[in-house]
Structures are given as C-alpha cells and as structure tokens.
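Two complexes follow with subunit A in common, the first pairing it with subunit B and the second with subunit C.
So, the complex of A and B:
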C-alpha cells in the first residue's frame, strides 16, 4: 500500500481544477478510486488531523488537541509531539503484525518511534538529524538536499523569494520518496507533502483574486505536484493500493481573530503584567483563556494551575454563559458574526485523554481565523503574509479500488480501512469504521 | 524494538514511609518518568486504596498488614503482566513488606524518609496537629510503630536538601543500575525530552511564523 498525503488540499478546489482540464494524474487516480469529500478533526490543524488519521481515534484518546498545550496543573506550555500521542498508530499496529512500514514527514511523528521499518520525523523536528531514525538515514536525506520544512520566515520577508524555496523543498521531498520507495518492497509506505499547505497559507488569497504576481505560480505548483503523482502511479503494480488524501480544506482569511483579546475585553481574562506573552501571565482570577485555533479552557479547580471554577453546577453555569457570549462575537468593522458554532468538549471527545480537552471549541465563520496569542491589543487583524486558513469539511480521500462516492468519510475512518486492506484486525478502541473492502484494480 | 510491552518488563516499586513524607508526590513523578520509557505504569496510593480495595479496614496491626497484602497482591498481578506497579503506602510493618517482596520477586523497596519533626512542621494533611490535640490516635510515628526497612534498595530523604525531582532521578538511576530499566543512553529516543530549550524555541518560532500559535 502506498499513501500520499497532500496537506491541506481541498476537495472542492481539486474538482474545480479537474473541470478546467488540469491535474490529469490526480484525475486518473480519482478514476481508480473515486474521490470523496472528507470531514476532518476538531480542531482542524494538521497535528490533530494527522494524529487522528494515524490512530483512527478522536483526540480524547490520542491526546493531540493542537500545536500547543499545557502541562496539567501548571502554566507551563509545550509543543505536543509523538511522545504525547497516547494511542498506538497504524505504524505501531502494522509493525506488531510483522508488516514492514515506512513513513515520512507525517505530523505528529517526531520524535520517530521505533517501528518495523523506518519513520522520518515531521516538521516538528528541530532539525534533520533529529528527524532521522538513524545516522544512515540522516546521511541519505542530507545527500538528497532534504529539508524538514520550508522556512516560513522567508515567506514573511519576501513572498516572491519563498516560491522557489518551496519548489526546492518539494523536489527534495519527492527525491527522498523515490529513494525509500525503491529501497525495499514495503507493506505500507506513506509520504507526506507539506508544501501544498504552505503554498496555501501564504498564497491562497492571491490565487483566488487571480493576482498576476502569484496566481500563475500557484497553479504551476499544483501542476508540479500532479507530475509527481504521475510518477508515483507508474511505480505501482495492480496489487498495490494507492491512497491519496488531505487533512483539511482551505479558504482565504478575512480577519485573524485574537480570541484572548475578546476574552480580556469581555472581562473573562486578565493578566498579571502589562505586556502578557503567554499562559504564565494569565491572572489567577481569570475565567478562561484560549489556545489556537479557538480552543477555550476554563480555569477549572484541580485542573488548571490557579483553577477556581468548581466542577459541577458552577462549571456548567459559567461555561453556558461564556459559550453564549462567544457565539455572539462579531466583526468590529461591520458587525458580521464571526462564530458559526460553539462546540462543547463532551460533544467532541471521549477517551482516556479527555481530561486534557478544551472545554469549548469555536467553529468560526469561514474567513475568520481564530488565533491564540496573548495580549494583542486588537481583536482582529488582517496581515499580508498569512492569507489562507484551514476549513473542516473539505478534505479529500481516494482509495484505489474502493467506491467512496455514496459515503461521507471522516479522517478517522482511513486507519481501520487501511488495516483491513492489509489483513490486520481492526481494534475495537478505534473510533473510525472501515469504509469497506478494497478490491484490487486491474489495468 | 517494536513498540510493545513484554510481560517480563513488569516490576514493583514499593515506597514506604510516614504519612506526609512525600510518597504520593514521588510516585506520580516517577510514574511519568517510567511512562516516558514506553512502559505501562500504575500507582497504588495508600490513601486511595483505603477508599476502595481496602475500604472498611481499620488501622490495627492486623488490618494494616491486610492492607499491605492486598496492595501487594495487585502489584503482583500487574508486575506479572508487564506493568510497572508503584505502591505508595505507609506499610509500617517490616514482616508484611518482606512477605510481599518475596511473593513478587521483581520488587524494589524505597524508604521515603523524613524526621517526625519535619513532618510535624510540614503537616500537609493536618494529621500530626490532630494527633497532638488528641483528636486522632494510632498515627504512625506518633503513637503507632513504624519499622524502617533494614535493607531497602534505596533511601530518599525528603526533609531537607533533596527535592522530589532529585529523589525521582535517584530512583530511576537505581532502577537502571538494577536493570529494571534500560540505561538512559540505550533508550535515548524514548527517555530524552522531545526538545532542548533551544530546539523548542526554534520550533515555536516556526509555528508562530505559520500562524499556528
């Protein structure tokens, strides 16, 4: 089985390009395995989405809720990594079943866990050496010019300079994919392309508005990815199942929304300093704080460092009041509603890692991108560098030999489908359900 | 190594010492250090056990020994099935502890030691004050005996100098030395923190530039 993960590639956008006669190889893939629009995790950031994919479980079990979290009972924050993924991944399960596995760049696989095969860490790796499972692999990757991730700072400094850099990172990623695919006959091989997501973050709006400086380069990048897919199709034989998927959709940012600023302005959050930088500066009397994207944590006694809200009726009452207020958040420029829905933890998560879950999660109106910094003076912000944001219902999935058209898959359904295809029992603890029997496609 | 939990990975760490000496604190921190090694771990805390497994038992010598045997029995089942069991219980009588030790085999005893004066001064649960006021009788170390271990694998002192973190590091080092845990270098991928401070700030900058924070 060969899995190609295209980070942040929207189903609807790909369909639009198909209609315009673009992406012939991806279209051919979609003919072998009808492509479906797929739902993703809440929140819809890559670390949560891919951890959900890798485990077939909801965050309440795998414990990854975002790119930042806090140690229980403290104001110390950390970046969740593979170390914090509390559930076995499909790599672990396939390894245990004696299958040879390869995985490259899939969030959240840093630090690489020991498997029956190779794991090359994701963009959360601090450097290439630490992304590599062994000195030998490090040497190979270095020789291919492989980079853990494109440098986003270059996009912030000069967008025109970022594009060739992105191409270089993508080409090296493909070179490494080629190298390790040829190395042995893997039972499960997965490569993850982050560059599409990076392209979208910095150029989605320019693409949508057909900005002559960047829109053609945007399309060229997609053509480059499609050519790579053409090469990949040529590698595989009839017995190899090809899976192509993304982890979320994309849209243009109208405004970035500083949720902590709204909490502070509305009297729910205060700080111990005039220039707050992080959770450590949140005052003990605060009701709630937020982490990206739209995760809201109440100051609950016994859970947060200075928690005072009693679990039970007090918690319910305060949370209901806060949820109602959050639902009314509006754009200060024009009064437009910014929040689609306010979701409660018990409606989203279940499992051993439930205690760490946010109390509320904001589902924003498309275009309003909930952000997590502390102490920003302005509630909303429209920058020129970051112009694209994730959406939840528009990921894509294609599995060769599996008719998906009538189904509405969720990203947690892919892991059980993969296990069944490879003849490995699907454990009861997985939340996803197998999407059906995959039949080999001939010819 | 394929991620998995071989049945022979299990063992029991038995923390014994007076009330308030820091057994629970050490147990919690030790559990997370062991979990970081990829091992499954459970804590049996004396205070909690008395609300379920040993509910109804008194503080007589017989019942205290019965409590220790029950905790020991659960530790034995866990250890036998590849889980690291950490018991945090006063367990005042030497004979009962030794009995549990010989049943389990893969067993290390850690004496969490603090002077009664220090414990009275700290008195985190208010027990020593109540004992002195006569509102509580049978408090170990005050009017009930505590038999210190004669040959514990390790003694940690929690009444000055040594922080809980240091105590835990000494226990981990002892477990490595006795081959219950793989030496840190060999289990580096699992034992090290994911990031050094510099690395974490570098990755944080990258996440910020991507608008993910």
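So, the complex of A and C:
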C-alpha cells in the first residue's frame, strides 16, 4: 500500500481544477478510487488531524489537541510530539503484525520511534539529524538535500523569494520518497507533502484574487505536485492500493482573531505583568485563557496551576456563561459574527486523555482565524504574510478500488480501512469505522 | 597478566504493577497467589515491611531509577520528564559495561517521561498490547456504522450492544489472552538470545497483569471467585469502579469480594509469569551471578478508607508492597527482614551488588548490609485527579503520620491498628507534632536539593518555525 498525504489540499479546490482541465494525474487517481470530501478533527490543525489519522482515534484518546499544550497543574507549555501520543499508531500495529512499514514526514512522528521498518520524523523535528532514525538515514537524506520543512520566515520577509525555496524543499522530498520506495518492497509506504499547506498559508488569497504575479505561480506549484503524482502512479502495480488524502481544507483569512484579547477585554482574563508573553503571565484570578486555534481552558482547581473554579455546578455555570458570551463575539469593524458555534469538550472528546482536553473549542465563521497569542492589544488583525487558514469539512480522500464518492468519511476512518485492507484486525478501541473492503482494480 | 576485575553480576528488576503485599501468599495471604515468589524468597531475602515512596507509577519508577524521592527528582505529574542532569540506574550500569534493556507494559515508562534514558534496548510493550483483552472488531464496527444512520436506530443499536456485551463476556470468560506478560517474556527470551556478547545484562520489566481492570486470563479468572457468581455477574462488577462503593452493604460486599477474587487471580497469573521469567534467566545465566529483585510500585484499595484502585491516598493498602531479592552473594537464602525498608533502597542496593559507588547523593541506602531501622517517607505528589490532595507520610517504628495539605493530619499506630481505622492525632498530639516537624525539615532539604524537570522537547528551532506559521503566539 502506498499513501500520499497532501497537507491542506481542499476537496472543492481540486474539483474546480479538474473542471478546468488541470491536474490530469490526480484526476486519474480520483477515477480509480472515486474521491470523497472528508471531515477532519477538531481542532483542524495538522498535528491533531494527522495524529487522529495515525491512531484512528479522537484526541481524547491520542492526547494531541494542538501545536501547544500545558503540563497539567503548571504554567509550563510544550509542543506535543510523538512522545505525547498516548495510543498505538497504525505504524505500531502494522509492525506488530509483522508488516514492513515506511513513513516520512507525517506530522507528530517526531521523535521517530522503532518500528518494523523506517520512520523519518515530521516538521516538529528541530533539525534533520533529529528527524532521522539512524546516522545512515541521515546521511542519505542529507545527500539528497532533504529538509525538514520550508522556512516560513523567508515568506514573511519576501514572498517572491519563498517560492523557489518551497520548490526546492518539495523536489528533495520527492527525491527521498523515490529513494526509499526503491529500497525495498514495503507493505505500507507513506509519504507526506507539507509544501502544499505552506503554499496555501502564504499564497491562498493571492490565488483567489488572481494576483498577476502569484496566482500563476500557485497553479504552477500544483502542476508540479501533479507531475510527481504521475510518477508515483507509474511505480505501482495492480496489487498496490494507492491512497491519497489531505487533512483539512483552506480559505482566505479575513481577520486573525486574538481570542485572549477578547477574553481580557471581556474581563475573563488578566495578567500579572503589563507585557504578557505567555501562559506564565496569566494571573491566578483569571477565568479562562486560550491556545491556538480557539481552544479555551477554564481555570479549574486541581487541573490548572492556580485553578480556582470548582469542578461541578460552579464549573458548569461559569462555562455556560462564557460559552454564551463567546458565541456573541463580533468583528469590531462591521459587527459581523465571528463565531459559528462554541463546542463543548464532552461533545468532542472521550478517552483516557480527556482530562487534558480544552473546555470549549470555537468553530469560527469562515475567514476568521482564531489565534492564541497573549497580550496583543488589538482584537483582530489582518496581515500581509499569512493569508490562508484551515477549514474543517473540506479534506479529500481517495483509495484505489473503493468507491467513496457517495460517502462522507472522517479522517479517523482511514486507519481502520488501511488495517483491514492489509489484513490486520481492527481493534475495538479505534473510533473510526472501516470504509469497506477494498477491491483491487485490475487491468 | 590475568584480568583481576571481578565480573559484574547480571541484574533483573521486576515490577509487578499494582500488587499489594497483603494479597501475596508470600506475605501471609490465605489464598495461594504467589507460590513462585515464595520459592524465589527461599533462595534470597524477603522484606516483610517494604514500603513504596508513592502511590502511582510515574513518581515511584522515577525514584527506583534515580535513588531520589519524588520531591527531589521532580517527576510528579504525567507530563513532566526526568531532568537529564540526573543519572539513571540504566545509565550508571550502562557506563559500567552492562547491556541494558527495558520491557515495560506501563506507558509511563517511556521516552517521553525520560524513564527509558540509559537503556540500550527499549521495548515499549504498552504500545502493542490491548489491556481490554477481548476485541470484536468487525461486529462493533458494524454497530458503530449503524449508529451513524440516525436516532431512529438507537433502540436497535442499544440491543445490539447488549448482545455484543453478552458475547464478549462469554468470550472473555474463556479467553487466555493476558495483558502482555506472555508476550513480554517472549521478547525477553529473544533479546537474551539475540546478542549475548559477554557483557553482563540489566533488565527492567514492568508487568501490568494486576493493574485495573483486573481481567486475569482463563483459568485464573475463576480460581479465586466463588462459584455462586456467574460470569455475567463477575464481568458486571469488574467493569465498574467507585460506584461499587455507593451501593447497599450486601451488594457492595459481594462486588468487592468478586473484585478481590479477580485481583488475586491476576496476581497468581503474574506470579506464574515470574516463574517463567526466572526459568528463562536461569537457563541463560548462572543463577548465583544474577540478582533478581521483584517488587511493586504501589498497591490497590478494595474499599478500605472508601477507595478503590490506586488513587490519592497513602494508606498502607497503597504503600505496602512485596520485595524479594535473590542474590546469594549478598543475601542469605531464606532470610526474612522485619525492619521497615523503602523500595527506593533498590537503587543503591543494585549499584552495590554491581560493585559500583552507591552515590553519596542518594536519598536511600543499600540493603546489602545490616539493615538499620530508619524513618520511612512516602509522598502523594502531583494531584492525579481533579480533587487531588497533596499528602505525605512519615513512619518511625509503628507510628505513622499522614500529613495532608488541608491540615487534617492523621496519626496511626500500625502495630495496634494495622487497618488505620482510628487516628491518634487527638490522643497523642506530641508525637503528631514531632513527626510533622521532622517531615517539614525533610521537605525543606528536598526542596533545596530539588532538580529541575525537563520540559519534554521544547526546542527553539521547532518553536521558531511554528511561530513563523502563526501556529504559536
């Protein structure tokens, strides 16, 4: 089985390009395995979505809720990595079943752990050496010019300069994919392309507004990805199942919304200093704080460092009040509502890692990107560099030989489908449902 | 010239997670739960009053691996990692030329917590075992798929779930599947065979068999459960937790009887696997030059003090654990030590046996010499649940102070009142006061010498990239 992960590529956008006669190779793939629009995790950021993919479970079980989290009972924050994933991934399960597995760059696989095969760490790796499972693999990757991730600061300084850099990172990723695909006959081989997501973050709006300089470059990049897919199709035989998927959709940012600023302005959050930088500056009397994207944590006694809200009726009352207030958050420029829905933890998560879950999660109106910095003076912000944001319902999934187009899968359904295709029992604890028996396409 | 350095002994440290001393026949339990531990003790020493340093896995293992109290090593909440400044037992032994391997069924023993630092070979068995025992993947998948079709199907889904549970109960009752011990022993056997290169070995094993939810494999699941309880009844009790304690007296007593019967079954099964492990070890290396220590990280409560399982408290049902060490070069075969000891003492004991410096900085002492009586301290560090309460105990002789952060301290005479039913704080305020002062003195020393814990993986390069993407503020 060969899995190609295209980070952040939206189903609807790809369909639009098909209609315009673009992306012939991806279209061919979508014909062999009729492509479905797929729902993703909440929150819809890559760490959470891919951890859900890798485990087939909800964050309440795998414990990854975002790019940043706090150690329970402290104000210390950390970046969740593979170390924090509390459940076996499909790599573990396939290894256990004696399958040879390969995985490269799939988010939240850093630090790489021992499997029956090879894991090359993801964008959370501090550097290439740490992303590599062994000195030998490091040498190979270095020789191919492989990089862990494109440098976003180059885009912030100069967008024109970022594009060739992105191409270079993508080409090296493909070279490494080629190298390891040829190395042996893997039972499960997965490569993850982060560059599409990076392209979207910095150029989505330019593409939508048909910017004369960047819109054509945006399409060129997609054509480059499609050519790579063409090469991949040529590698595989009829017995190989090809899976192509993304982890969320994209749209243009209207405004970035500093949720902590709203909490502070509304009297729910205060700081111990005039220039707060992080969680450590939140004052003990605060009611709540927020982490990106739109995760709200109440200051609960016994769970947060200076928690004072008593679990039970007090917590319920305060959370209800806060949820109602958050739902009314509006754009200061024009009074437009910014929050679609306020979701509660019990409606989203279940499992052993539930205690660490956010109390509320904001589902924003499309275009309003909930952000988590502390101490920003302005509630909303529109920058020139970051122009694209994630959306939840618009990921894509295609599995060769499986007609998914009439279905509405969820990203947690992919792991059980992969296991059953490879003849490995789907454990009861997985939240996803296998999407059906895959019939190999012949001829 | 001949090498005069004496060869170092092999070392095997076995933790039977969640096994309390009172349910081991080696400690006088009425049911024959640990015949093999008894046999092991015949070849070594049994410590009659071994006490843990805490009441849950992570801080206790960190103490076993560092020779420091939880207040000092600082790993007191789930997400904290051991500071890289503190050398671990595996690192010390590795530096002395040992081949080191960690086989853990408990997920707290991981790279994330820093517990596996120093082990050459780390087998995260917890990643591949399914503690729930029986799984019926396809059927439950189908039921789940049905559920998504809408609320009208809810009664049918409910019915199907019930039927499925019945079937699962039946299958579980006959299942020989364990919580990973069998697989673990296989892995250890393979590892021992794979690369014996002449170096002595250090093996750490954690077996989760006796951990909640107490599902021993057939036939251990019925060995200690009275025949009048049918499988359905047994599974009903096994699936529930604290609510058992809130039922009427008769039902409550029955449920606790069933649970403890199952618990005894899990211990007997773990004991059987310890036998298998010792057989493997003794086949691989000379028993006289292999130190085998078997202990537990904490016990479990079965209704005592209003609790079930291991949560929050520092009463003896949580603290008192088995400790048996077989190493004829150091311990007289068949000896029994009545002096209270701490399982933290294992760290210097192992180094001592390996002929290494036991570390002047350790909070504990080697048991390889005459064991003097000294105060025994235990801590409940990180609040593990939402109403968690910090507490500590200080024991000198039979007197034990339970210090509580809310000021409601308790004092017990374990000789006259082993069940800790009647607090003597009001009767003997002088002892309570004195113990409290000594405990406070100890706490200050710990605080002064505390090592800072590591923020697992907080890398500037990664952070900077996430900032560039606007993911982190």
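What we mean here is this: the second predicted complex is superposed on the first by the 443 of 443 C-alpha atoms of A that agree within 3 Å, B and C clash if a C-alpha of one lies under 4 Å from a C-alpha of the other, contacts with A are read in each partner's own complex, and residues count from 1 in each chain.
The rule we apply is simple: contacts are C-beta pairs under 8 Å (C-beta built on N, C-alpha and C of every residue); 3 or more make two chains touch, one makes a residue touch a chain.
These numbers come from a predicted model, not from an experiment.
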| item | value |
| --- | --- |
| Superposed partners subunit B and subunit C on subunit A - clash or fit | clash |
| Touching partner for A:74 - first (subunit B), second (subunit C), both, neither | second |
| Subunit B versus subunit C as contact partner of A:434, first or second or both or neither | second |
| First (subunit B), second (subunit C), both or neither touched by A:58 | neither |
| First, second, both or neither for A:371, with subunit B first and subunit C second | both |
| Contacts of A:426 with subunit B and subunit C, given as first, second, both or neither | second |
| Partner chain in contact with A:302 - subunit B first, subunit C second, else both or neither | second |
| Superposition-derived comparison: subunit B or subunit C, residues of subunit A touched | C |
| Partner chain in contact with A:292 - subunit B first, subunit C second, else both or neither | both |
| Which superposed partner A:112 touches (first subunit B, second subunit C, both, neither) | first |
| Which superposed partner A:92 touches (first subunit B, second subunit C, both, neither) | both |
| When the two complexes are fitted on chain A, the stretch of subunit C hitting subunit B, from 134-142, 188-196 or 458-466 | 458-466 |
| Intersection of the subunit A residues that touch subunit B with those that touch subunit C | 45, 67-68, 78-79, 81, 83, 88, 92, 95-96, 111, 113-114, 123-124, 126-127, 149, 151-153, 155-156, 198, 201, 256, 292, 371-373, 386 |
| Parts of subunit A lying in touch with subunit C, wherever the complex brings them together | 45, 67-69, 71-74, 76-79, 81, 83-84, 86, 88, 92-93, 95-96, 111, 113-114, 123-127, 149, 151-153, 155-156, 198, 201, 256, 278, 292, 300-303, 311, 355, 371-374, 376, 386, 416, 425-429, 433-434 |
| Subunit A - residues contacting subunit B, complex | 45, 67-68, 78-79, 81-83, 88, 92, 95-96, 110-116, 123-124, 126-127, 130, 149, 151-153, 155-156, 198, 201, 256, 292, 369, 371-373, 386 |
| Contact footprint of subunit A on subunit C as seen in their complex | 77-80, 107, 110-112, 122, 124, 127-128, 130, 132, 135-138, 140-141, 144-145, 148, 382-383, 385-388, 455-466, 468-473 |
| Subunit A contact footprint on subunit B (complex, rising order) | 1-4, 36, 189, 192, 194-196, 199-200, 202-207, 209-213 |
